[in-house]
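In what follows, subunit A forms one complex with subunit B and a second complex with subunit C.
Take a look at the complex of A and B:
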């Protein structure tokens, strides 16, 4: 502790350089802490939304390819299946100039009730959805964002199909951050028939199994059932299904993580170079301290303590920034528009890891220039002083 | 206090081998104020470094305050310097971010001593060199002569038996140079410090007890001059 004032004085000898170094390291730590929330956030989100009894079935060719609607009847007949439903992408907006503003699907009224009994939809809303052919059930995030109320009449202009649907909002899905809008499949089918077409396909089939234990067997059975059909299918648990949806995002995140890691390495180099410059400027002082009896290890400790203290302050600031940003995101309207944001939190593990990283960075950036500065004999250091 | 026996120091400069000192022997009793003089490159600073424990001889033996410095490793030499040697440099070499008091306190950080005692001893050292009103001034706020006196206070604060001074008047005007030499003389006389000073300054001869002249790494016979203004 007796050396602390000396360390602090040295850090204060060039306040601008110290502040800029702290800012650079703090930014790197904040970035890393924020990005480290992503994998856990994804997992947390999947755990929150996904049930262990629901299975999603989609075309083996890819999630954007349709399946024959007849597949639904076949899977409904399988042993262990409690309820089935289909999702058919409508896309949609109520303002064509602004593009798709929320995900909307056509679904069977009984399917919504049977496959997602756990969703926070009031019983009267479920009943109204079944009763009104043009009824719509809308997630609270979209309701809030669009300023809608239950009972409102809205026109949904499909971006996937050449039609518009006049809808009446009959209820909400009160899951925090839920953006989905559901219309009745029957209503969409009738609209298509009016145009001389029909809805004999579906995007994704959903199954609720009677018991989580039968889910793996059901998955195998469903895939085997359609293996030799004209539209073979893949069956995944809801977690796996959502994971696949987010898989695309995950690849992107991996890329971001790699880039961030490279940025962090660059910051280490910059901080190390700054530390090196700062130590080199003080060659004369170090020579004098060595001469008056400061052992190498004490000087090494003093120099590394400076960079470590600086990095620790930057680490605390960086973690603070990450905590603040995630807090602000959770509280902001972003989280209702893009629910995944709400799942990303800087937890204790990330705080500790980030602070540990900052401390490690401080030691690494200080060690090399410090060792270089003190390894020479004091007489040689003093000669260079002259 | 200082016994140097047949000491040589060689080192490499690129492909060349430089013989900085050749067979130097010197004895300095405790409490003497000795000047090492000679032309540039004669080996004065090399000799000073050897007896201050900053360097090791290639041959021969250096004993200071009872310790054979050639037998000490780096840590032991650092510890020896902290306990027995005070340094005064030509360019003062104070730490610019510390005020006078904390510059003087520096050597005491190496000793087990409460902060209050360290600061009290630093104040005492500043009083001895006549700078009691300048504790909170940083080096940039002090004149050259005052900075050198702070450096001398730093050199004596741990009460070492030996002071080594490398061109202590080299960066001072005539007035401050005389004051510094008089101060060193006073420290030698009143505190019984052994002082070895490398200098080109001819005025130094008036203040020291004896002058040793080095030429091309060889020590010439000591001059009887010196004897000083203050009799030893």
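Take a look at the complex of A and C:
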């Protein structure tokens, strides 16, 4: 610790270089942290929204293929099933000129209560949804985006079915970023019946299992149950289901990882370049220090402390820049255009990883030239001075 | 009198390690930027280039894509009779009724993806004139036949002509392979519309229509006529606009690329400035001598800037060639980069083109000038007498 003033003095002797290096490394660290938020946003969504007791069941042919509604009753009868629900795509919009701007599904009122007791929906809203045939429950993201209030009357024009629904918004789902809009399945069915058809299919079936331990067995049982029916089905945990919905992002995330790694290599080059510059030109001085009796270990410690301190300051600054940038990005409309990657949250893990990278960088880039410099005999180094 | 170019390059060689490290940073920035822009331009090439201005996409009003749209048989029959639609040699209107669904396909590695399967009638080939059969023949209606896009064939390992492709509940025999010059159609599989409707148990056979506008008719007029039709709730837009809307994700990516290039480029410029400052510092005496000999400040400044440019351009050369190689490798490894466009997987070729490299070159020149400017100014401002004395 008593050498700290010396380390600081050494850093201060070429302020331009120190500033440039700190800025360069900080920017690169910020970029790495920023890029890391993209795959992290995906993981975060999987962890936050997925429960380990819910199972999603969809047609083996693909998620856009319907399942017979009769499947729901068969699933509900299975041992270990606490509650069931079905989602059916409505593809609704309240303004056909602007197109479909949020996902809308038909669901059973008791299903929403039974399968998603964990969602932030007020009990009165749940009760109103069960009471009013034309009720709708809407995610906060869509409420904000469309400027709706609870109690508003909305006409939802379906693009997937030849009908429109008159709805009253009875409540909201207060999960951050939640875009979904739910209408009552009964209501959609009646609208179809008025046209002489009926709702005998569903898109996805959802199940809440009694406890996580029975989930794997239930998945197998459900798949076996429908294997030889007219529509065989895939049963996945909620995490697996979401992972599959967003599976197409995997390739893109691979590319992001490649680019992140490239930037990380970049920082190594920048930092090691500076370290070697700073240490190389100080050869004479090091020789003098050695000659007057400073042990090698102390000098090595001094040099490495210098590069590490530099890198640590850069790391803290870089994390600060990343936090600021993500704040701006989150506030902009950009984030909503890029779900689920656009969460742009620099969490503790990313902060720690970035600071760790910076510290490691400081030690490693300082060590190599420092070892090289002090290994040489002081007499030799002194002789080389002009 | 300017200093010769060799003066600048000789200095780079005198401290090779430092020069290589600085050039490497520039190379890495070029590589990262070029990979990203290559992807964005790939997306644009694939989506924005898809479709014809002479084709109208007819969907249910409010639907943003075929996946969430529905057109009834009556709509189709009525629209066929509208004026301003091109006709084939037999005099039939070039209206292609289509059903788009997104069943899941397995990749050779076992991962599953939704693929755009288009149910068509033979007229589809005449309407989508950018689609050409490169092998085999067009499918016959109600014969359990499929034609597949070149990209889909590779990505999902579908075999070739004569193989069976399974999706949904059924199986289809491949009778042809089509190409469309790298546009979105190549990721698709086409089968008979009626068979596909049966397979999905869809009550209405079509999700949308594609209409070829007659050569002497105005597409906008026809589109308005369709939108104003009182019986149907349909909308029509040029096919090119439709695909441009689907390319929305490309805009978001572009923002990321610009941000990436700005941050990484600035960091690289700072790194280059560091190297050049050191280089200028190490030869104060030499610069002092040159100034004493009568070389003007501008010559010194230009020499340092040239040094910066040479350094960065060397980095660019390495980074650019690496990006071409790395993108080709990544593209091979991933068989194109997948994007979900309207619920179906769209595979985009990751290819670094001339435009992407030109952009990187621009960034590199900016790095060189930004990184070289202040060191050059410092060098030019050295006072000859002082520089000679201090360095002694």
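To be clear about the criterion, the second predicted complex is superposed on the first by the 202 of 386 C-alpha atoms of A that agree within 3 Å, B and C clash if a C-alpha of one lies under 4 Å from a C-alpha of the other, contacts with A are read in each partner's own complex, and residues count from 1 in each chain.
Keep this in mind: contacts are C-beta pairs under 8 Å (C-beta built on N, C-alpha and C of every residue); 3 or more make two chains touch, one makes a residue touch a chain.
No experiment lies behind these values; they were computed from the predicted model shown.
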Which of subunit B and subunit C A:307 touches, first, second, both or neither: neither
Subunit B versus subunit C as contact partner of A:30, first or second or both or neither: second
A:3 touches, of subunit B and subunit C: first, second, both or neither? first
Contacts of A:172 with subunit B and subunit C, given as first, second, both or neither: neither
Greater subunit A contact set [subunit C / subunit B]: C
Partner chain in contact with A:13 - subunit B first, subunit C second, else both or neither: first
Touched partner set for A:254, first subunit B, second subunit C, both or neither: second
Subunit B versus subunit C as contact partner of A:104, first or second or both or neither: neither
Residues of subunit A that touch subunit B when the two form their complex: 2-3, 5-6, 9-10, 12-13, 284-285, 287-296, 298, 377-379, 382-383, 385-386
Contact set on subunit A toward subunit C in their complex: 16-17, 20-21, 23-25, 27-28, 30-31, 34-35, 60-66, 89, 91, 93, 95-100, 157, 159-162, 197, 201, 231, 244, 247-252, 254-255, 258-259, 262-263, 265-267, 269-270, 272-274, 276-277, 281, 325, 334, 337-338, 342
Sites on subunit B touched by subunit A in the complex: 45, 49, 52, 54-55, 74-75, 78-83, 85-87, 89-91, 93, 95-98, 102, 106-107, 109-110, 115, 154, 166
Subunit C to subunit A touching residues, read off their complex: 17-18, 21-22, 24-25, 28-29, 31-32, 35-36, 39, 59-64, 67-70, 72, 101-104, 111-114, 167-169, 199-201, 203-204, 233, 235, 248-249, 251-252, 255, 259-260, 263-264, 266-268, 270-271, 273-275, 277-278, 282, 326, 330, 334, 336-340, 343, 345, 350
